[in-house]
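What follows is subunit A paired twice: with subunit B in the first complex and subunit C in the second.
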Partner chain A sequence: MKSIRGLADRYSHWVLLMPFLVFFTLFILLPVIFAVLLSFTRYDSIQSPVFVGLQNYLDIFTHDTVFMQKVLPNTATYALIVGPGGYILSFLLAWVIAQMPRIPRTVLAIVLYSPSLLGSVALSTIWGVLFSGDRMGYLNNILYSLGLINEPVAWLTSAQTLLPIMIFVGLWSSMGVGFLAMLAGILNVNAELYEAAYLDGVKNRIQEIYYVTIPLIRPQMLFGAIMALVNTFNSPGLGVALSGSNPTPDYAGQLIVNHMDDYGFLRYEMGYAAALSVVLLTFVWIMSKAAYRMFEDRD
Partner chain B sequence: MKCCIKIGPERFHADQIKFFIMISPFAAVMLLPIIYVVFHAFKPVDELFAFPPRFITLRPSLENFTRLLHTANSSNYPAALYIFNSILSTLLTVVATLLISASAGYVLSKKEFKGKRLIMNMNQAALMFVPVAVAVPRYMIIKGLGLMDSFLSHIFPLLAMPVGLFLVKQFIDQVPSSLLEAARIDGCSDYGVLFRIVMPIIKPALATVAILSFQSAWNSVEASQMFIENEKLKTFAYYMTTVTSPSGSSVAGQGMAAAAVLIMVVPNIILFIIMQSRVMNTVAHSGIK
Partner chain C sequence: MFTAKRLFIMPICAILLACLAVNTAAARIPQTGNSTSITYTLSSDGSWLRTQDAYLPGEILFQDDPLWQPEDVYVYGNCLYIAAAGNGYVVAYDLDTRKTRIYGEGTLNTPTGIYVTGRQELYVADSGFSKVFVFDAEGKLLSEYDRPDEMTFGAQAQFKPKKLVVDESGVMSIVSEGSYDGVIQLGAEGEFLGYFGYNSVPMTLLELLQDRFFTEEQKKQLFNRIPLTFYNLASDPDGIIYTITQSAVGNAIKKHNISGVNIIKHQMIDEKNFTDIAVGPTGQIYAVTQTGLIFEYDNDGNLLFSFGGQAISSERSGLLTIASGIAVDDEYNLYVLDKERGLVHTYVPTAFANLAHEAINEYRQGSYTSSRDKLNMLLMLAGNARFIYYYLGKNELQLRNHQAAAVFFRQAGDRSGYSEAFWEIRNDVINAVLPWMFAVFLATVLFNLVRRLWKGKQAAHQGTRFLVKSRILSDLMFGFNVLRHPIDSFYEVKTGARGSIWSAVILYLLAFGAFAFDYLGRGFAYSLRTTENTSPLYVILLFFLPVALFIICSYMVSELHDGKGWFMTVFIGMSYALVPWICFLPAVTVMTHVLALNESFLITFSSLLVYAWTTVLVILAIREIHEYELHQVLGNIMLTFFMMVVVIFAFSIIGMFWDKAIEIASSITREVKYRVGH
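So, the complex of A and B:
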């Protein structure tokens, strides 16, 4: 008994770290490794996997016309607008409310933050009703009464409008924890540094943001960028939930994640789905490298 | 120049009006859909069917909520069961995540040992981890562990939370090591230091992690959709997908869906409002250097 206690004390750091490491390995590290391994196989979840080399990747980029014509452009458009767009919006809104006294600032922070609390299910319910395709839909009703349309528009099932709506909803819910971090960062900048900067020739608020605020809160900017990135890719069900079908109508709202679900859980082509997830992880990784490049402390 | 640098001002000043004007369209766009859901959830049936649709509810009623709670879905279980499952799994997830993150954060912040750098780098890389990207292998791991159709499959996949560990570790970095040394000299073990000294000091960070963990557990449909077949064990977020998607276009269904959204969102917002000053205090240390 005594020796067990002795050991527990001597290796306390490993004892305390162990639960995290176990769950981290099981549900984050191993899944990524498995995805990579599986991506080199053909696997239908019943028979054992067959090694096929780079065949899945070749298929993705040469045979999968849906991927090349719809999924890839959709994902790129969505990610490049919602990721950086939501991030810049978060920073600007954080900066604007940082100019206000405490009470309105806190209220507005809560208001701006609250959409990010909704999961994709709640998101698609709210916006599904607002954009609903019959005359009862709010948007249709407003446009109709303004005389802008004669027929109700099927916003969520039409190939032209689904992706823009997804982007809008993505931006709407992008003021998450990164936004709060940047707000806290802006509020913590020492006022004397601004005074010094104005003495050194900073002339207006835009220069002030560029030369003083951003460099000083660079660590929070980087954290915010990573959070924006994760948030962008982590609301997978949006297009499917809004339109009510996977695949989405004419693949208009199909993102890599939906394509993956389609192959993995509807067609049971697990190897192919795994190759798609490796492509997605690579995509996220490249974007996060770009964020590090921009904001990492260079000295 | 001169006086005009007023970030985080003490009181209102006419100069600030332009910022209020700038922010108001954004605040409106953020808030209106949420207000609309609140109104919608309390509309009685005849108002739901009103044409043209009206934003405001004239005679608020709890009809939608009672219908939601009593209407069984296709498998004959009432919503109350799903709500209970959600509360239980969320509670367990939050408590376990707090313990796991606090103990790992303490070790990574205040202890020196072999392999520490590697673990910290892995966690930092995992900040950008997107769980949905590896849905297929996660499914295989759950299956391999024999957790299919088990209530634990709601909880286990959410416990390692890189952002949570990161925030807690950054926060513990601010706690002076001398304080912990003093406790050790008084005969406290590492466990004692963690539970008696570190945990109370880092309450703001723990509150923040609790909120983030609550959010991911409360909104999660992963386990109910993929790991669990037994209807009795599924969660409310999953139940919502069954209320909203098939009947999404029917107007009566919309009232229930709005009530369901409220049940999903209100706990999140209330928690955040209660803890917002602690959250701000924590994320101020969130920078990645």
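So, the complex of A and C:
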């Protein structure tokens, strides 16, 4: 009896952890493991997978010119601007909103948060009107009336303009969960701390942000950074939704996720797509490591 | 080995070409003697290069019976059609039988433009009658088209057809005098289809603002801003329309796609006074200026040859008085109208020009190897010509000889082509190295794992601090401190605890080194500047002049605005502000050697980062050293820039005065000497 009790004492936490562990294994761990395993095979979803070793990875970095010439530079451009840019934007907006009284704050928070809730389809309908390639598109119409262009610019289907527009829309919709977390964090900072800081010689709002706000909401900032990273690398097919085609015109808006889509669900080269997803996973992992290094609590 | 082979091939080529030249000359137009003008092409650095004769002057037609003010010429089969505007008819001259035939005598007034369709119908634009006439092969008048009366044509629009081309379905594209809206297109029934193509009015910022804010009455008082009109046009066998616009330097020639947009995007080497344009059998573009210069371009508007010229005091075959029209037949013979003398000068392509045409044509058709061989032959004949290198590069790229392609593109000054070839070379290197990198990566991971298992968790790594004895070295090392804790560091500089004049001088020199390396040492894909084509003094001035001016002006402005810093501290502080520049700009420059143009974003982004960081440090330095608030810093910087402009202005005025003073002094001394001498 006693031994059973002792056993229960020693292992009961496993029982309590069980629900989480089961679901985590089923829905996250296993798919990742399967993806990694799949990435070592050639698999077209009809015949059974054939083991090919590292061939898929070698192909990605040596034979896939589209990946090296378009997808990788595009992803780097998009991630470098939308990641930090969206992150800074959401921090600044969260800070500005936090200064407001309750009701406008709530309303504005919802307004700013809503773009990230919309799916890419909704995005493309909204922005499709603005950037429409005919004379009736808002932007074209405005440029016409200003006399800046002579013929309509096909904003969404031209290789020169698609990526900048994607970046713009990406920034616009970057006020996501990270933004909400930071807003909550800023609102939670004890007002007395600011007063104390002013007594200690803080002179303006910028110093206030730098010396009080940021150190106090560091955990939320870390969360926001990770979310921003994951979102930018995984942004689900913004370019495809805007231009209406996969691959995007001249691969101008092709990000890694679109490339995966292209190989996985248009060409049915599942093994290759899985290898791409592992590459993407590695990127995100390295980046989030870097984010941890930047924001971790050193004290 | 290569040169020896060249020396051997040279004479053979020359003989071969000489034989070829005789053969082609016998074909249609007898060639008469030597060239009367020099043929130029572009050399690899973009300057004019004298090269082999591309065309030799041939027979002069209508010498016995000159035409009166001929305006346009067109070749169809072996028949030369000439719009003799002064005579009031069109002449058809059979090049084989040498017989002439006259169209539209009595019907036409001043025919200025002609076109012959595949059904041998002759279209004539008559600017005297303001009509378009159509004749059949026998000279019978088939139809005539008047000013279209559709609303869309425009109530005020004039219809004075000058030149025209007609496509297979009978759609006429007409250049009408004084028509700013573009080329007029009429359907086969004479109905107005629309305007095609356009010239835009380049607007200055001032004009844009005027457009926004002026009232209608104010606008009326301004000059009318109207676009340049098209002067002439031509079409190629595929129906693509080419136009010329006078005085539009850089894009005088336009190649229009079906919606009228110019598809030659780059700036062309051209002239202000082109009068006519013709398209060769494989898409070469020929244009002639009023002064008789003939330009030949390839299909994409890259200059191949330029030759010909004006006959100033004497008549010579191949030199023109006033050129008004050019046509080319399917053997690349050129026919150029001399309006003043009423003659047709002919030009016969040499074997050299034919070789160039064949090489380019073979490239376009995909026979890369044979195109490359021909181009190599051309290279021996023509020397350092840009177009040869350009096409050699393109051929080698297609043949996947990327190293050679990169070399040729470099010589042709083509950065995008070079970048493409470079990407392939880099890809090969990556392919070769990747397995090793993989192995090394795995090995390190394994090694770390084993070490960790073996030793367990080690104590945290203790940073070792170097104790630097020498003051100047420690001052230089302090630069790294600036990167991490800028505000504290500038405070230390201000108190005089850190930095000395010598450390600052060294930092400025290092910054100059970084600047010069970036300015001159970028990879070819990112910059055409090399140490050969840039003067060192220019680079030195480009860096030190603004930097010195900024420091001095900033200090002077701060003196007036109760800044607390000494000149020495400003000098030292600014040198520390340049530390990110010194540390990271060279890295960016090195990156330009590794990255191709499609990754250029990384270059712009990282250099932007370096500049932004440096700017922030400059702002912080001013703030700390003078104990300023932020708005005072910004005010200081604004005033500094203003003062820099004033100083530059003042110095240039003094410089001009000085020049004048010297000039006056020297002329007085000359005068005195002259008087004394007499």
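General observations
Just so it is clear, the second predicted complex is superposed on the first by the 272 of 299 C-alpha atoms of A that agree within 3 Å, B and C clash if a C-alpha of one lies under 4 Å from a C-alpha of the other, contacts with A are read in each partner's own complex, and residues count from 1 in each chain.
Just so it is clear, a residue touches a chain if its C-beta (ideal position, glycine included) is under 8 Å from a C-beta of that chain, and two chains touch if they have at least 3 such contacts.
Treat the numbers as computed from the prediction; the structure is a model and nothing was measured.
With subunit A as the common reference, subunit B sits beside subunit C without any clash. Contact with neither subunit B nor subunit C is seen for A:215 once the two complexes are overlaid on the shared chain.
By the document's definition of touching, of the two partners only subunit C reaches A:151; subunit B does not. Contacts of A:76 after superposition: subunit C is touched, whereas subunit B is not reached.
Which of subunit B and subunit C touches more residues of subunit A is settled by the count: it is B. When the two structures are aligned on the shared chain, A:6 is found in touch with neither subunit B nor subunit C. In the overlay built on the shared chain, the residue A:273 is in contact with subunit B alone; subunit C does not reach it.
After overlaying the two complexes on the shared chain, residue contacts for A:68 are found with subunit C alone; subunit B is out of touch.
Taken over all C-alpha pairs, subunit B and subunit C come no nearer than 14 Å in the superposed arrangement. The interface of subunit A with subunit B does not overlap its interface with subunit C at any residue. Per the touch definition, subunit C reaches subunit A in the complex via residues 198, 200, 203, 208, 211, 259, 261, 423, 427, 430-431, 434, 438, 596, 598-599, 601-602, 605, 630. The touching residues of subunit A, when paired with subunit B in their complex, are 9, 12-14, 16-17, 19-21, 23-24, 26-32, 34-35, 38, 93, 96-102, 104-106, 108-115, 117-122, 124-130, 132-136, 138, 141, 145, 172, 175, 177, 180-181, 183-189, 191, 194-195, 198, 208, 217-220, 222-223, 226-227, 229-230, 233-234, 236-237, 241, 244, 257, 260-261, 264-265, 270, 273-274, 277, 280-281, 284-285, 288, 295-297.
Those residues of subunit A whose C-beta lies close enough to touch subunit C in the complex are 54, 58, 61-62, 65, 68-70, 73, 76-77, 80-81, 146-147, 150-151, 206.
Per the touch definition, subunit B reaches subunit A in the complex via residues 1-2, 5-12, 16, 19-20, 22-23, 26-27, 29-31, 33-34, 36-37, 40, 51-53, 99-101, 103-104, 106-108, 111, 113, 119, 122-123, 126-138, 140-141, 145, 156-157, 159-160, 162-163, 165, 189-191, 194, 212, 215, 218-221, 226, 237, 240-241, 244-245, 248-249, 251, 254, 257-258, 260-261, 264-265, 268-269, 272-273, 276, 279-281, 283-284, 286-289.
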